[in-house]
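Written out below as C-alpha cells is the structure these notes cover.
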Amino acid sequence: MASSESKVPLIIDGRRTDGRDMEDLRALRVEVGVIPEADGSAYIEWGGNKIVCGVYGPRECIPRHGASPYHALIKCRYMMSPFASLEEHSRSGPSRRSTELSKVIREVFENLIIAEKFPNTQIDVYIDVLQADGGTRTASVTVAAVALANAGIPMKDMVSAVAVGKAGGMLALDLNKIEDNFGQSDMPLAISHRDKRLLLVQMDGLLTREEVATILEMAERGCDKVHEVQADALKRFYQKGEGETFKW
Amino acid sequence: MNGTLAKGVRFDGRRFDEYRPIEVQKGVIKTAEGSAMGKIGETLVLVATKIDIVKPFADRPREGVMVTNSELLPLASPGFEPGPPNEDSIEVARVVDRALRSAECVDLGSFFVEEDKVLGLYVDLYVMNHAGNFTDAATLAATAALMDTKMPKVENGKIIRGEYTGMLNPTKLPVTTTMIKVGDNWLIDPSRDEERVLETALTIGTTEEHVCAMQKGKGSLSKDELMTAIDIAFKRGDDIRNILKG
Amino acid sequence: MERRIILPGEKIAEGRLSAPNTYYDGAVTYAAVIGMVDDEGRYIPLENRYRPAVGDVVVGMVTDVRHAGYEVELNLPHGGFIPTRDVRLTLQLGDFVICRVKMVNEVGDVDLGEVRRLPKGKIIEFPSAKVPRLIGKKSSMIGLLKDYTGGDIMVGNNGYVWMSEKSDMPLLLKAIAMIERKAHKSGLTDEIANFLRSQVGDKPRTPAGGEPQEGMEPEVGQGESGEETGYGSGQSESESSGDNYGQQ
C-alpha cells in the first residue's frame, strides 16, 4: 500500500474522499438473528461492507480425535464471496488471505468465550463477506461478537473492532477501500469492551511510535462507538414487537 | 406426521399446493453486475452475477459463456459443512443452470467481443438459510438477478468497471417448482421437516410456455403423477413469475 | 416493571453472586450471556446453551439400541444413555422418551433414568433459556396449550418439546412461536389465552386428561415459580438450570 503514495489525493481541505472527518466512522448498521436456522447470527453493513455471520454449537467435534476433553474448540471460517469486489469474479473457496484472517479472528474469540464448560465440543463461527469495501476483518470481528451473543455462547466480554490508518499523511479512523488501497499504513484492532484489551492487532505500512499511540486512542474511541451500535442491535432484537422483520 | 397429512393439512397449516410466502429483493450487492435475495418461507438464497472477459469454448468461438456455481454456506444449516461442493450443492447449481440455459433467457450470441474473447456470465448461488427447498429459492433469485444485471461497457477488449451500457434483459423468466410425494399427494415447496419424510422428490422448471428443466431426486412416480406435477408447476410457476414482474 | 438488557461482560453485582450464566472476577459478578436485569436486580438470561444437570427432565429420541442400553438424542453435543438395567420397558429406534438426568460426568456424558415412552407425535426445538416461560407458573401455560389444542405436550429442560399427534399442530406451533417471541414480556399467559380463544372460541377442545397416556403422569421440566415476572425467578432458584462459570 505504501508504494502508491499520493497518486490519489486522499485528504482535500481536511476532509476525506467520502466527506468524513478523520475520526468519523462510515455508516454502520447491525442486525441480529438474520439466519433463523443458526444458533446465533448477525449481519453488518459497514460502509460498503456486507457481512453475515452464523454461529453453531457447542456441538459434537468433527473429527472426534481433534476434540479436547478440557474445553470447546473454537473454529472460525472467514470467507470472501467471488462477487464481493468490483474487480473480476474471483475464485471460490479459501485463499491464503482468508486462512490467515480466519486464524486471527479465532484468536480474538478464544480470549472471550468461556469454553471450559463444554468439553469435547466445537463452536463454529462462519463469516461470509458478501460485499467488500475495506476493513472486512474488523467488521467480521464486530459482527461475530453479536452473533455469539445471540447464540448464548458464554463470553467474558464483548469486543468491537476498527482499523486506523494513515491516508494522505494523516491518521484516519475506519479506512474505506480507497484509503486502504492508496493510504500509507493500516492498523486493524479489536478491543474488548469492559477491560479494553487488544484482542486483534495487525499493521502494515510505516508508522512512528507516537502515531501508534495516537492510533490506539483513536481506535478505543472508535470501538466505543462501534459497541454502541452492537448493543443497540441486540437490544432492538430482544425488544422488538411483532411484524418487525429484517430487510436485506 | 403422516397422520396429520391424511387430514389434508400440512404440519405448518399449509394446503398441499401452497408455497410458503415468497419474496424477492433485487440489487442487494453493489459490487456485482446483478443480484437478488430470494426468500421462500425462511429459506434464503442470494444470487449475484458477475461479467468478465473470458476465452470462448473451442466449439463455440463466437458465443458467450455462462457458469453457475453454488455454495451451501455452512452458516445456512446445521447439516452443511465447509469443504468442496458436495452432490447437493453441485446438483442445485446444475438444475438452476439447466433451467436458465434451456429457457434461452440470455442471448449468449450477443456476448462476442473479439477474436478469442467473449463475455463470461457468472451466476453464484449462495444458500444462506436452509429451511427446505433451496432449489426453488435459488432459481427465483437467479432469474431475479438476471433481471437486475447491468451490461458492462467494453472498450478495446476490456471491461470498464463501474460503467454500463444497459441491462441484460432476460427474454424469459424461468422458475422451478419443487414438490414431494407423500402418499398419493404432491406437496409443493417442502419444508425441511417434510424433506425428511419424502418418498419422491421432483423439480420442474417452467417458462410461460415451456417446461425448461426437470430433475427427479429420490423415489419414483407414474406418468399421470408426472403430468399432474407439470400442471402444478405451470400454475405455481406463473404465480412466482408474477411476483418477479412485481 | 423496568427491565434493562445487559450484554456479556456487564456487571451484575458486587461480590460473588451464585447465579447461572454469570462469572466472577475478583470482587465483581458479571453476565456471561445476554440477559435482562429487573428493578430488583435479578438477572434473567435471554439466551443460553443448555448444559444438563442432575435432576433435569429431558425429552429425546432413541437413536441407537444396544445390548447395554439405549442412546438418546437430546439436542446436545453428546447423546444421553439409558442403561438397560435401569429400565423395564423395551424401547425401539425412533421412540420418543421423557427421562430424568441421573448423572453427568466431567466430559459431558449423560446417564438417564425414570424413563417413560411418549406416544406418537412430534418433537420440536425450543430455546432452553425460555423453557420456564413455556411451562409457566405451576404449569399454567402448558395447561392452557393442552386445553386449547386438544393434545398432550411434554417439555424438557433441554429445549425439546414433544407434542401429541392429536393436537392441532398448526395452532400449537403458532402459540409456541408467540411464546418464544414474547418470552421477555409480562402478562404472557393472558396474552396467549386471548390468542387461543380468538382462534378456537371460548370452549377449550378435548380436555387434555381425555388423552390416553400409557399410564403416564403429566410431567414437565422446571417451570416458573413465584410471581409472573419473566422467566428468571424459576431459573435462579432451581438447581437444575445450569451453574455459573466460576472465577475467570
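Read from first to last, the chains carry the letters A, B and C; within each, the first residue is number 1.
Here, a residue touches a chain if its C-beta (ideal position, glycine included) is under 8 Å from a C-beta of that chain, and two chains touch if they have at least 3 such contacts.
Not measured: the values here are computed from a predicted model.
A.B. asks: What is the chain whose Cα centre is as far as it gets from that of subunit B?
C.D. replies: Relative to subunit B, the chain with the farthest C-alpha centre is C.
A.B. asks: Closest chain to the protein CA centroid?
C.D. replies: Smallest centre-to-centre distance to the global C-alpha mean: chain A.
A.B. asks: Provide the C-alpha centroid distance between subunit B and subunit C, rounded to the nearest whole angstrom.
C.D. replies: Centres of subunit B and subunit C (C-alpha means) sit 39 Å apart.
A.B. asks: Quick one: subunit A and subunit C, Cα centre-to-centre, how many Å?
C.D. replies: Whole-Å distance between the two chain centres: 34.
A.B. asks: Centroid of subunit A to centroid of subunit B, CA atoms only: how many Å?
C.D. replies: 31
A.B. asks: Residues of subunit A touching 2+ other chains?
C.D. replies: Correct list: 59.
A.B. asks: Applying the document's contact rule, which stretches of subunit B touch subunit C when the two form their complex?
C.D. replies: My answer: residues 1, 3-4, 9, 11-13.
A.B. asks: In their shared complex, at which residues does subunit A touch subunit C?
C.D. replies: Per the stated touch rule, the residues are 39-40, 57-61, 69, 112, 114, 116-121, 149-158, 192-194, 230-231, 234-235, 238-239, 242.
A.B. asks: For the complex, give me every residue of subunit C touching subunit A.
C.D. replies: Spelled out, the residues of subunit C in touch with subunit A are 5, 7-10, 21, 23, 25, 30, 32-34, 36, 45-49, 51, 77-78, 106-108, 127, 129, 181, 184, 245, 248.
A.B. asks: Which of the residues in subunit B come into contact with subunit A in the complex?
C.D. replies: Spelled out, the residues of subunit B in touch with subunit A are 25, 28-32, 35, 37, 42, 44, 46, 48-50, 52, 69, 71, 73-78, 81-82, 84, 120, 122, 124, 126, 128-131, 159, 161-162.
A.B. asks: Mind pulling up the subunit A residues that touch subunit B in the complex?
C.D. replies: Listed in rising order, the residues are 35-38, 41, 48, 50, 52-54, 56, 59, 62, 77, 81-89, 92-93, 124, 126, 128, 130-132, 247-248.
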